[in-house]
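These notes open a run of structures that come right after.
Each of the next two complexes has chain A plus one more chain, namely chain B in the first and chain C in the second.
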Partner chain A sequence: MPPALRRHAGALAVFGAAAVVPLVSRDNYFLDSVVLILLWGALSAAWNVAGGYAGQVSIGHASFFGIGAYAAALAGTRFNASPWLGMLVGVAISLAAGLVIGYLSNRLKGPYFALATIAFSQVLLIAASRWRGFTSGSEGIPVPFRPGFWTLGLGHVAWLYMALAVCLLYYAVGVYLERSRVGYQLAGVREDEDAAEALGIATRRLKVGAIALSAALTSMCGTLWAQYVGFVDAFYVFSVDLSVRFALNTIIGGTGTALGPFLGSILITSLETYLRAAFAGATSGYTGIYLIIYGVVLILVVRFAPEGLTGIAARLRGRWARA
Partner chain B sequence: MDPARTLGPAQIDVVAQLAASTVLLGGIYALIAVGLTLIFGIMRVVNFAHGEFLMLGMYLAFWAFTIFSLDPYLVLFVSIPLFFLVGTGIYVLVMRGVINASHNVQIFTTVGLSTALQNVALVAWTGDFRFVRPWHSSVIIRSGGAAFNLSQVVAFAIALALTFCLFAFMKWTHTGRVMRATAQDRDAATLMGIDTDRIYRLTFAIGIACVGSAGVLISPLYQVYPTAGLQFVLLSYVVVVLGGLGDMVGAMIGSLIVAGVEVIGSYFFGTAWKEIFYFVLFIGVLVFRPAGLFGQRGAETLGV
Partner chain C sequence: MLKLEGVTKRFGGLTAVREVSLEVREGDLLGIIGPNGAGKTTLFHMISGYYRPDEGRILYEGRDVTGLPPHAICRLGLTRTFQIVKPFGNLSVRDNVMIGALTRLRHVREARREAERVIEICGLSPHAEARAKGLPIGLRKRLEVARALATKPRLLLLDEVMAGLNPTELAGIIELIRRLHADGLSLIIIEHIMAAMMRLAQRIAVLHHGEKIAEGTPAEITRDRRVIDAYLGEEFVLAEA
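Entry: the complex of A and B
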């Protein structure tokens, strides 16, 4: 195998498997779970740009997700515009918000940065749920299904390939950040900011740039998610749980790796889909049980396997190569 | 909720009412925040699951009231030792392993704990809003142009008493002094023969006992539901950052500021938007004075 191929063998397997799914099965339930795995994977990959490569651990990334979701839903319902236009507006707003947050919170580290990002998502949550006249407040916005590419009213197979295209784009961003000059500079900032600065790396600009890029990518997927699922609820799209979910997928898969977020999403999203089916009859939500597991998994993974699945795989491969 | 609105301006002196509400609310916020700042100050861990222990305290009061008709103030005698034990258990099971780990590991450990506890409550007791309504929650006291609810006054008095006990403990007992020494310099404390693991266990247990009891105290005043802790914990982050993370006196002053912002904000703009004010205040403080209003400069860039 040529080295380039070997390096991306995991990605080839994951994305290749997703690409052949529609050829094997046309079961909508199955297709739906694959689309969700891809969308959550892409969202986690977006979080990874700031949280993984730049080491700016945010627990408020739901802010950008919500901005994207609301921008497209409002574009459709209030202005009768295409969700694609809404996506552009959402990305522009998120990019700006990411720049401002990155710039303002530049000095903050560790828990302080996490607290600042939570506060930002809570401000947006309150604004979206109380500003009745514009956002419909806590009732949320149903996104009408209008068939066609321009209105993002697509079938399951089309959605799958669209989500896959987004995943490939985000994976490419991840690979770039792993292997480019900028990527190595970011790693320097993440590991030792003072040392990086002493070497002449523009640490501040890099961190702000990473946060803004991460915000824009998150927002784009937020739009897609809202159009796919068909409902925008302020208490969900801006929730802390959602922000934790992006981080959880990434940590399980491997923080700061291009493939990690997707591997984490396969595991966590499948678990959710399975539990949803298993507890479909139960009156009090399956979400509770699912979230208990995900909280416990988070505690266990950061404690016992902080390098994630990709890290474990690399360790096993190293042992195998030596033997 | 706000007596000034129901009784009309004729019987109420607005300034006196706002001042009294601020102080009463501030006392309760102080008890919630003091545990958070204690844990941070000594263990250098921001406990993102703090609000969930408040929620569990509220549920304890609810069940004790519903099943045994126990008054929340009597439940305090159970809740303090109970939450002390819970805190010890959580420390041994979850926190001990990450006490020397990186910030990110600590953040996600407590975030995971928060998610798990919230949803244990959701699965066990459903998402319904529940109420604790003992007799004293409907008694109104009028004094000096202001009116308040008896539960609020008692909760304030007990919160103040508990916070004072904690201060006295930290200031005058040997264990308190050892805890402060550990906060100042972990390595030096270890070299002096202090068992830091024991100190952390004690710190976490005391912090959880404070917040759990605060949950019991506020149960007659607020609705009880699985995510009830979230609004209070967000607010106590504001309090604690305002006062300087780890600074107990700062937390008291921070509580009064946040309570004042909330009371005055809801008087002028309505209760719907009250959280906006303290979040904006929070972001402002994080951006311009992240070490707190009276904290040392530079603490935030060290990430401590």
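Entry: the complex of A and C
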């Protein structure tokens, strides 16, 4: 196998499998699960740009997700504009918000930074849920389904390929951040900011750039998600749960790796979908048990594979190579 | 090449460095000595841009660099190592040095080649693949120097790169510093190991309570009454004699 192919073999397998899904099954429930796996994977990959490569762990990325979701929903319902335009507006606002968060990262370190990002998302939540006249407040916004590419009214198969295209783009961003000059410099910033400065790296600018890029990528997927699901609810799109999900997928999959966030999403999203379905209904008496199992999986990963699924894969590969 | 004019740094009520003036010429190897807390590292922090002096100016190659951030100063060709080493722990030795090289070079491939060259010079070749975190202190100090060298400085500040080394490692790093100096690098070295300093430095400046109390050749310094009282002690002078 040529080295380039070997390096991306995992990605080829994952994204290749997603690409052939519609050829194998047209079951909408199954297609829906795959679209969500891909979207959550892409969102985690977006989080990874700041939280993984730049080492700026945010628990407030739902901010950018929500901005993207609202921008497109409002563009459609208030201004009768295309959600694509809404996506652009969302990206612009998220970039600006990312610069603010980035500025915070130069003042606040570690847990203080994480807390500040949570606070930021909660401010947006309050704003969106109280500004009834514009955002419909806590009632949320139903996104009308208007068929066509320009209005993002697509069938499940089209959505799957759309999500897959986004995944490939974000994976490419990850690969770039692993192998490029900027990527290595970012690794220096993540490992030790003072040392990176002494080596001529403009650490502040680099960090702010990474956070802003991460925000923009998150916002794009926020738009897609809202258009796909068809409903925007302030208490969901700005929730801490969502921010934690982006971080969790990435940590479980492998922080600071291009494929990790997608692997994390495959594991967590399918586990969640399965457990929810298996223990659904008030009669089963186990409605909330998926949260417990979810927690146990997290504990196991952190205990036995602190470098995530990609870390396990690398270890296994090393063992085979030696055998 | 480097000129400090009346540089002062205060932390609250404490004056860590008081009106220090200093000059380093092209090709110099200047030593800075003084008891713990004399302000040596604070001085380095100011020269390299981590602290902004409260008073005074710092000129590098005729340019006022007072208050410039460290990365900008590094790009002008002046960088430093840290007393408490700061390796990029999870990265390999090669990647550590390469990140330094990327400051001058645009392409990762070129930077990797440059890193190999610097690693070779610093005697780290057998450890190029090792994670920086796992290296013993002697090698981590070398890595600190290698990484700084990869940015192609013309003036390098070394903050106690000899502390904590065994005699073999010490001889190795002295040899390395001699060689770098012979190749045209100007250096300022903070060190506590007087024997090494006497052999290496052309000139020595002595700091005490944040003030420069003496400056001269090693021979002059060891005869200076204030230096003997503040730092060296009578025993040292007797031992040297």
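Assume the second predicted complex is superposed on the first by the 308 of 323 C-alpha atoms of A that agree within 3 Å, B and C clash if a C-alpha of one lies under 4 Å from a C-alpha of the other, contacts with A are read in each partner's own complex, and residues count from 1 in each chain.
Note that in this section a contact is a pair of C-beta atoms (placed from the backbone, for glycine too) under 8 Å apart; a residue touches a chain by one contact, two chains touch by 3 or more.
Small disclaimer: the values here were computed from a predicted structure and weren't measured.
Contacts of A:Glu191 after superposition on the shared chain: chain C is touched, whereas chain B is not. Chain A has more of its residues touched by B than by the other of chain B and chain C.
In the superposition on chain A, contact is made by A:Ala119 with chain B only, not with chain C.
In the superposition on chain A, no contact is made by A:Ser25 with either chain B or chain C.
In the superposition on chain A, A:Ile299 makes contact with chain B only, not with chain C. Of the two partner chains, neither chain B nor chain C is touched by A:Ser138. Overlap of the chain B and chain C interfaces on chain A: none, as no residue is touched by both. The residues of chain B lying in touch with chain A in their complex are 46, 48, 94, 97-98, 101, 103-109, 111-120, 122-123, 126-127, 230, 234, 237-238, 241, 245, 272-273, 275-276, 279-280, 282-283, 286-287, 290, 300-303. Here chain C touches chain A in the complex through residues 48-50, 69-72, 74-75, 79-82, 86-91, 95, 98-100, 102-104, 106-108, 111, 147-148, 150-151, going by the rule given at the top. Across the complex, chain A meets chain C through its residues 179-181, 184-185, 187-188, 191-192, 194-203. By the touch criterion given at the top, residues 57, 59, 104-105, 107-112, 114-116, 118-120, 122-123, 126-127, 130, 240-241, 244, 247-248, 251, 284-285, 287-292, 294-299, 302-303, 306 of chain A touch chain B in their complex.
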